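Okay, got some structures for you below.
The two complexes that follow have subunit A in common; it is paired with subunit B in the first and with subunit C in the second.
Here is the complex of A and B:
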């Protein structure tokens, strides 16, 4: 019997100094690689889908973000049947013939793309899948380089954190809160606040208003910071201490949570 | 008028134009940029201008007084000047409730503020109405 007395090999350890750098290099290494090889096709991720053409992102979809069709039809810019006509034929030119101007189409498409991509590029628990294929029918409207899209997604995350560091309002059903001294609410935030009914989440409110979901997240974080909106608390616990109902205690708790999240 | 880039390039034909951008004031995203960036970086300039635009758009005091206004936002433009340049922010009305403005950086020596303001208003309208 031989006795092995040499120490076991060292486990590989990530160099902490470069780990941060690596993480900052790209939101999705796979997407960066696809951009480098100028790929065309569809990247499916957990929270959304990115369409690529020649390595640039040309379209994005997410169950959490309203689509281009919803932006255009929600406010009467385009009739729903005209959208279906254009989509079925795969001809972006038909949208223009139905009265959407090129500027409006590009503006709406860019808004929808960045909005859906923000969710598609959110950290996911499952690996992405890429299918090579043909370009999306709206590929020529507003292509975005992958690096620019990733930079913007990181900037958007930082923006939300800066407004109010607690992400709870992003995904939970929302309720209106009664702050001690309610500040005046600007019109766009007021429209969001009106939709808060204890059931709807940010994505539902965005759909209802025909606005990008990220914009709704921004408004909701401002409303949360002002103490006007809070996420629906988990199912009631019976032994609630009586001071939980005290608005000053609620305010102090929010301040504590915000400080801890900084 | 065609898309965003063509609109911005036309903006750059104004005398004294240094740089221009189309910016979303809720997210701070520059949807298009041309020319030189104020402050050295288009993305930072867009985010900072977006903050200014948002403040102007959200304050009740800056709206018209006749009480009939249903415009969104109630403000048409924001003009900021310094020793050597003007910054003109023109809100773009869209039929689909977006929150964008045209942003022009204008040299004070060769720029004509009145002309720039009128032309930006026309371009904001043509960008979405064609």
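Here is the complex of A and C:
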């Protein structure tokens, strides 16, 4: 009898450390690749758009997040026509000539960028598309490395989960709830709570207040955790009576009713 | 106002004993800019964690019915001071400056005074 004393071959095991790294880098593999090749252009994703210059993210837009123009005009820093003037000419310097300080512009752009990017980098069901081109007109205001943006986006997702794990308040129309012992609400959250009217969603409230949508999500999750806000339950599926749809069914039912009544 | 980079540089250069500074948004916990720090002292982590400090204090004041705002918060460690200064500018609602000082070299009263000046210049 032969005795096999060589150990069996090692089975392939997924290395958890690298698997985790891959998952971390997996916010958007395409974006990582574009950063590596120092690309310039526009990345369109399902929930938003990222503008790249030399592989760094310089601007972001999302239908779910208020734009830089809304931040600057909402608090009276800039008049709406002055924004249009600067945008039409594609000259960021004009914003400064209209009285926006460089620091305020930089901070507003950073807030808008991280906010829109949070939604643009959300998991999507369609593939992203990149168009090579020229840099955005606000490219020099506050460029952000892709790695920093992805790290921040993941941190933001984790922060929301930690506050209140149910994401239902992020996208649904919101209603006020009346808990038995309502806790005191700080002023910034109270402003959000006042906007909850059964119709508005988080993104609408953010626009209304001229604040980043992510900040509104944070406030709403805290309000949801306190039991003050809940998502509007989906409208009950209307039971369309089949009689209305099908005349034969209606006739048969009337016949049945008549027979039963005999 | 100066831009964030200049402001942070000014903090480190002009305040005696300053070893790190961050400009932080306390709703998201994100550091909009950091300067200084070290391998063992990650300012981004410190920024995110200290938003909870600011929030807790604000909530407590709310519960107590105190009407005043927070100007600054001082945390004294055995060998460091951590100074948090809330920014009250026009659009600067929701930001604070976070300053780390070496306790041996720093002059606390002077540092508070200078940080106040820098915050006024920030005028976001």
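As a working rule, the second predicted complex is superposed on the first by the 214 of 262 C-alpha atoms of A that agree within 3 Å, B and C clash if a C-alpha of one lies under 4 Å from a C-alpha of the other, contacts with A are read in each partner's own complex, and residues count from 1 in each chain.
Note that in this section contacts are C-beta pairs under 8 Å (C-beta built on N, C-alpha and C of every residue); 3 or more make two chains touch, one makes a residue touch a chain.
Predicted model only: the values in this text are computed from it and were never measured.
In this superposed model built on subunit A, subunit B and subunit C take up the same space, so to speak, and clash. Touch criterion not met for A:198: it reaches neither subunit B nor subunit C. Of the two partner chains placed by the overlay, neither subunit B nor subunit C lies in contact with A:93. In the superposition on chain A, A:106 makes contact with both subunit B and subunit C. Of the two partner chains, neither subunit B nor subunit C is touched by A:7.
In the superposition on chain A, contact is made by A:114 with both subunit B and subunit C.
Contact with neither subunit B nor subunit C is seen for A:234 once the two complexes are overlaid on the shared chain.
Once the two complexes are laid over each other on the shared chain, residue contacts for A:214 go to subunit B and to subunit C alike. Which of subunit B and subunit C touches more residues of subunit A is settled by the count: it is B. Touching of subunit A by both subunit B and subunit C, each in its own complex, is seen for residues 71, 75, 77, 101-104, 106-108, 110-111, 114, 152, 155-156, 159, 184, 186, 188, 212, 214-215, 218-219.
Considering their complex, residues 1-4, 7, 25, 27-30, 32, 48, 58-59, 62-63, 90-95, 122-124 of subunit C touch subunit A.
By the touch rule above, subunit A contacts subunit B in their complex via residues 71-72, 74-77, 101-104, 106-108, 110-111, 114, 142, 151-152, 155-156, 159, 184, 186-188, 209-212, 214-215, 218-219. Considering their complex, residues 71, 75, 77, 101-104, 106-108, 110-111, 114, 152, 155-156, 159, 184-186, 188, 212, 214-215, 218-219 of subunit A touch subunit C.
Across the interface of their complex, subunit A is touched by residues 1-4, 7, 22, 24, 26-29, 31, 43, 47, 57-60, 72-73, 92, 94-100, 126-130 of subunit B.
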